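Letters A, B, C, D and E mark the chains in the order given here, with residues in each chain numbered from 1 onward.
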Amino acid sequence: MKTKRWLFLIMLVVTIGMIAACGSNDGDGGEQAEQPSGETGTSEPTQGGSVSIPIVADPTFNPWHPSAYAESNVINRVIFDGLTKFGKDGLPAPNLAENWEISDDGLVWTFNLRDDVNWHDGEPFTAEDVAFTFNEIVLDPDLGANNASHFSQLDRVEVIDDYTVDFHLASPVAALPAYLSFNTEIIPEHIFAGEDPWDLTSFNKENPVGTGPFKLKEYVSGQRVVLERNDDYFDQVAYLDEIEYKVLADANTHVAQLLSGELDIFALDDTSAIERIENADDITIVGRETPRFFWLILNHNHEEFQDKRLSQAMLHAIDRQAIIDTVLQGYGTIADAGIAPILSEYYTTDVKRYDFDQDKARELLAELGYEDSNGDGFVEKDGERLTITFDVGIQGDLESIAQMIQQYLIQVGIDVQLETMDWNSMIDKVVIQRDYEMTLNWWRYPADPDLTAYMHSNSADGNNIPAFSNEELDKLLEAGAQANSVEERQQIYLEAQQVMAEELPYMFLWYPQEVQVRQSSLQGIPDLAFGDALYYTNEWYIEQ
Amino acid sequence: MAKILEVKNLVTGYRGKDGFIKAVDGVSFDIEKGETVCIVGESGSGKSVTSMSIMRLVEYENGQILDGEIIFNGEDLTTKNAEQMRKIRGSKVSMIFQEPLTALNPVFTVGKQISESILFHQKMTKQEALIKAEELLSLVGLSEPKTRLKQYPHELSGGMRQRVMIAMALATNPELLIADEPTTALDVTIEAQILELLRKLREQNDMSIMLITHDIGVAVEMSHRIIIMYAGKVMEISETSDIIRKPYHPYTKALLESVPTMDGERGTELKSIKGSIPSLNQLPKGCRFAPRCPLATEQCHSQEPPLVAKDNRQVACWHVDKFINQADTEQGREGDYVE
Amino acid sequence: MLSEDKRQQEPLVEVKHLKKYFEVKESGGVKRKKKVIKAVNDVSLTIYQGETLGLVGESGCGKSTLGRNILRLQEPTDGEVIFHDQDILTYNKKQLRQIRNKMQIIYQDPFGSLNPRFTIGQSISEMFKIHGLYTPKEREERTKELLELVGLDPNRYHSYPHEFSGGQRQRVGIARALALNPEFIVADEPVSALDVSVQSQIINLLMKLKKDFGLTLLFIAHGLNVVRHISDRVGVMYLGKLVEISETDNIFDSPAHPYTAALLSTVPDPNPEKRRERIVLEGEVPSPASPPSGCSFRTRCPLATERCKQVVPELQEVRSGHFVSCHYPLAKGQTLLDAIKEKQTSKV
Amino acid sequence: MLRFILNRLGQSVVLMLIVTMITFFLINLAPGGPTGAMRMEASPEERQAIIERLGLDQPVIVRYGQWLGDALQGDLGTSFNSSEPVIKRIFDRLPYTIELTVFTVIFSVTIGIIIGVISAIKRGRAQDHFINFSSVIGLSVPSFWLGLMFILLFSVELKWLPASGVGPRGEAFDLVTYLKHIIMPVIILSMTILPNIVRFTRSSMLEVISQNYIRTIRAKGAKEFIVLYIHALRNALIPVITVIGVLIPRLLSGAVITETIFGWTGIGSLIIEAANSRDYPLVMGITVVITLVVVLSNLVVDLVYSKVDPRVKNLA
Amino acid sequence: METPANIETAPEVEPVQQRKVTFWTSLHRNKIAMLAFWFLIVLHVIVFIGPLVWSYTPTEMTTTGPLANWSWAHPFGTDDLGRDVFARMLHGGRITLLVGLAAMLFSLLIGTIIGACAGFFGKVVESILMRVTEAMMAIPNFFFVLVALTVLGTSPMMVIIVIACSGWMEVARVVYGETLKWKEYEFVEAANAAGAKPLRILIKYIIPQVLPSIIVSGTLMIAWAILTESAISYLGLGIQPPTPTWGNMLQNAQQYLWTAPVLGILPGAAITLIVLAYNFLGDGLRDALDPKFVKK
């Protein structure tokens, strides 16, 4: 594994060097992690062809529907459009909104909408659709729409004219354009008005009407969803004829079908098969940064877990690089705070870092009074062993990671009892009941450094699952949300990250990279994570 | 009279874990044309195996004819191959069995099963065979033969089933009919009907019958000659009237006397044979009846008596003469009394 | 003479109007139609102290069912069974268990009637255990005595049933029935499954024990010769009904019921001197699920008339101690053949 | 005939009632809730809104009553997950499962009977031992494991067969492609019942061969071929029919795994999804439908049985 | 003339050979069953003693690193997290076998009680118990297991209970059938005629006769329980890591089928072998009990 990582780095350097030197790509598959294949393709984009993407379950063609999960998102962001989209530079880019401005007090945002957009059924897209989407769906507390919590500060959306809307906020939210790019697509008022948006299966399950570059052609439950090109798309019309989503629940099947050429592109969740894919000829593997961080938390509602030194000791005890290498096959960066490298404007390593140092961990534990007094390998305080129950939901790599973490913590004398359970039970126990001691998970957030929802003491019954509370951090997060310029925010979030790293609301583990795999013939993919690249399906094409 | 069947020194064994277990061990007898011969014996005497050997059916049931000849109409059946044998079975020699329910295929109609046995041996159309089957059914005394043809075995009563079996056996006018305990599973009144029928058919069709039974009463009523078997051996062969009047073998005598009669004195102690029948894998040395025989001597326990002719019959006993004399002088004394 | 004596004897068991109906689901399981089978259909009889009552009939006539119902091993549908002046059908389960030691049963199948996982010693001493009698040691002694009594080697106390021959097992069954000193024993075809040469041993043993212990025996069998040999009186059953009952000699020498007469005539007998005139009954026993109207025997009876179709004959005393249920009972000395001839001539 | 069927259906109603009660209380008394309410990021208010919307704030017993009332009127409710009628979701998937299981039954029964008969006829010989041994192995190999090996071999290494999916349908349907898709699932699913059919056919055949009537047929002078294939086989197959009835629940169990391995989007993969996402109406609906399938197929088996076996009274 | 006494004490010529060939001698003649029997003995000993002897624990990450090849220190190499596969096989086998045994015992218990009571007491008891049994049989058991484990959680105890609860019906039916059969035997009626109480009859007369069938069911049940456990583990619903079982090891290994096939081959082969052995043993026992056994 070590050698592999070296090889990887050398390859990386060599590849980048070559790109710099000749500005061209020799098309060699394999580990071209940062190679911007899309823009530098040798051939001109041509019309035609179809792309296959796996999804794990039947989708719901309504981005706000409580049952619309990841498998729906990858479709909905192609069928529908949001006001903004994830920009190729990581910042929110115009989509249905051409531009936007903010009032001085930061409480009113005005969005100017495109006037050349038609729904797939031919109806024109107007400000009414935007207002309807937010006022009638997102803000209706009885509906419990997806991601509605992102808009908890939104009071209402006001239609100024056909192509202008105002967003009125209760308190400033600097991240609003970023939120608007994150699974926040606009749905047509002329279809939903007066209907129960969740029960309208003729739309949600059968015949969605969006504004995106592709529209639904065929949906067979449990089989596939086929989208066809929308020739009336407001932006550049897509090259591809069709995008086919295949419903395939099993990750092994994804790999098998990728290898057999039946699938074209997806984000590999399970990196264990990577070696196998690397050996295949026509497949490109790239690592992509994503706004995600993995975390381990102690329940701060328990008094004995509130001392930051316990968290620090744990971080020292865990060899995070080893886990990244073993479980993620190297696709990840050690995290120090919550803001991921993809947010390059805000990301910093200039914070307190916790190296793998188990002696340090033991020292910190000793400071807290935990020492192995009876020689059983576990630390005790007042004769009582430090035993922590570790609840983990079964999802992706969490089980493997949890097992390794458990072993590292046992090595420093913490008696960790690992309890794995299905996702639903974990949510019930950890998130709803808050009946846990330690848990492991990750956050994926909109491309904005605003982590208020996850760490602010006001969110303690929301997404601040560790129930962390720190006045200094609270203040910084509030300031960050209200600041209007990137420079101002950079400063605030630098400081915030230092506090995070010191106080450890979460034990930050790493920022995972997405492992994007695709057939090498597929071109025009921007250098973005797979999910974000889906905003640009109109640019995808098949190399002849 | 001509002999239709001659069995010479037949030895039939069944495969056991240590070689063959001889169920029939050196049996010889013959049957004449038009004659009814009864083989009488208790369980394990080898009477059924003898019949199965004649039909060469033992081979399908884990058995084998180990020695001897079975001469039927002058031809040795033991030398026939499977196809030759098949042509004889059911056409020249037919057989009926004890349990008429299990002996008929439950999933085919009576008509199909009878006509089938005709078609196995005679060239005719199915229609013709069915007509013949109908005739056969009325021949064996079944009412409404046409309806019966379409019925399945389970829809008939025990007696009717046995009649169907007989009809099937008669389909090709066999020269020899082997009936293996045909009435054991039936009630007395039905038994009487079937025996009556067999008697009638034998006369009408001029065939020979080999009737196997454990009931000496049935044997006496039905047969011209009786063969007494015990533990795979023939003990005595004699004309029926002779054997009843005066058995020449102690076993025959004991067998006759241990059955309470319909006119004897009631409530008296019955004469009985001590002990019980030996099993085939634990046969005694010498005469097989010796351990239960009141006359047994050292010779009986060590040497097997051969079947020898004596006064127009055949007996396998070392002490025939002594036995006859004794029996003449004093009836019953030599019988063995148990309790 | 004999019958007079019997009359004065104490009745031990009185069966009154005993009925046992079974509900049977049609075989095959697909079409379930319930049918009522009248296995025992209104039977009354008396068993006197110390006698052996033989019960004969063809299979399915209900004789075994009757025996079991008298002992209440099956629950009768209706009727009374008076034992020691008490109707045991009114007993509750506890009372019933307590009188079990007074009435016992011997079975036909010596293979099925012994627990294959008990040694024969256990099988017999279990009888004492059930009633909480004796110490373990005494039980073993008593059991060994019983084994000796029925002619088995007491040293084989620890042997299992499969180590015995059929006859020996039947002896064990008899020993078990005797263990609790019963007054009344139902012997349900005790010799039918045995080879002839062993059969007589068991008959002898039963007769001897009966005499020695003063037992009362209900002897059920289909072998007429055996029943004749052992019984003091004989009852004949046909299709769930008792058609004739009397002293043995009456039944066998001058049967009054045409069925009995026909039955007797068809028994194959090795004695060539006493060949009777054979009367072969036609047809078969009707299904007990749909018995004929009137007299149940009429469908096969050579003497049957219209009356037999209409009127169910009652069991009535035609001669002293000789009960018959027939509209046209044979007179003493009259054979069935005579009767048939008579009927034909009268018709003409 | 009709009365018999109605009667059987009546019995099935009782049976179904027990089944639904077991399932309903089992799933509802357990922790967790429908996934819609179980999103990690959802706020407590959002959760509450969804729970109320789905009517989960009512006591279990009341909900069962409501469910039962609706179900009796043929309404199995709406899937939590997709807001579609449960019936629709099930009937979207059921055809695939039926397709798979019917093919499997046809395949297993044909092959199983042939092999079983060979085994019985060659009793005690090498062929018999081999078949016996293989069928025990067949019973013992975990089918998911075998399925993975198949994919590895035929899809990944040899690239002969597609690793998963049901193949194109509708206009794009193509028989060869279709067969390529279905062959591996059918073979793997067959492993769950084929060995039983082989073993049962063998023992049934052996049992029949030892029957008295076979002796009778031989005694009549029948050719051995007729003895074995007309008389014996006909009888031996009758109990095999009942075994197929018994094996149907097992087949459906096996379908869950097979469908998962091969991405065969039938009812088996739907139940996993439904259970995982606590889609209670869907779980209930699938339970009802599956039980109904079992009950009905057993009914069909009984009807066939009564046609084939004359001992069973013909249904008037 | 002999006296009656000495006739009977004189040794009988024969005790009728009524299947005197007992269970064990018959089983002994079945070579495959005996092989399976000894294989199982050895395997159980290894799996239950082995972990006490072998130095690695199944959860510790060794210094060797992940996915290491065969070596003396790690006879089966290491897994994806660098744990000793041999230790995991030993411990996993222990859990797998324990689950199999416990689920088997538990379902035998349920099945025997329900089957015996339904068969013996008849009437209402029979109707109720057999209806429930039929209902449970109509649910394909994998559906039941799947739903039950998803919602009830996957602790080893729960896995055992759920597997047992989904598998007792077969046992109940066998016991029910056998009870009905034996209930009709005359020795049972004889016990009744002797005045024995129903419970005594059930326990002393009927259950012992049914026991051989229960034992056969038991061996086949273990095989079935192990297969079921591994199948639900394959779907990620079995006993969860860090507790190793052959099933969850196999599930984990399927990701590595291409890179480290040995991780999948070992537990897969182990499951197959042990299930095979139990099936062969069960078949052997069944044949030993009744050469003409037809069912299943």
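Structural remarks
Just so we're on the same page, a contact is a pair of C-beta atoms (placed from the backbone, for glycine too) under 8 Å apart; a residue touches a chain by one contact, two chains touch by 3 or more.
Here the structure is a predicted model, which is why all the values come from computation and not from measurement.
Shared contact partners of chain C and chain D, listed by label, are B, E.
Where touching is counted per the definition, the chains common to chain A and chain E are D.
The pair with more inter-chain C-beta contacts, choosing from C-E and A-D, is A-D. With each centre defined as the average position of its C-alpha atoms, the distance from chain A to chain D rounds to 40 Å. Distance from the chain A centre to the chain C centre is 89 Å, each centre being the mean of its Cα atoms. Taking each chain's centre as the mean of its C-alpha atoms, chain B lies 53 Å from chain D.
Rounded to a whole number, the gap between the C-alpha centres of chain D and chain E is 23 angstrom. Shared interface positions of chain A, defined as residues touching 2 or more other chains, are 252, 422, 424-425. The set of chain D residues touching two or more other chains comprises 31-32, 148, 156, 210, 260, 272, 276, 278, 311. In chain E, the positions touching at least two other chains are 4, 7, 12, 14, 16, 150, 153, 254, 257-258. On the side of chain B, the complex with chain C involves touching residues 42-43, 157-160, 187-193, 195-196, 214-221, 241, 244-245, 254-256, 258-264, 266-267, 269-274, 276-277, 292, 338-339.
Those residues of chain D that touch chain E in the complex are listed here as 14-16, 18-19, 22-23, 26-27, 30-32, 133, 136-137, 139-145, 148, 152, 156, 196, 199-200, 203-204, 207, 210, 239, 249-254, 256-257, 260, 271-272, 275-276, 278, 283, 286-287, 290-291, 294-295.
Every residue of chain D that touches chain A in the complex is listed here, in rising order: 31-33, 35-50, 52-53, 78, 80-84, 89, 92-93, 96, 148, 151, 155-156, 159, 162-166, 169-170, 260-263, 265-266, 269-270, 272-273, 276-278. Taken together, the chain A residues at the contact with chain E in this complex read 1, 251-252, 255, 270, 272-273, 275-276, 326-327, 394, 399-400, 402-404, 406-407, 418-422, 424-425. The touching residues of chain E, counted against chain C in their complex, run 4-5, 7-9, 12, 14-16, 18-20, 185-187, 189-197, 200, 204-205, 208-209.
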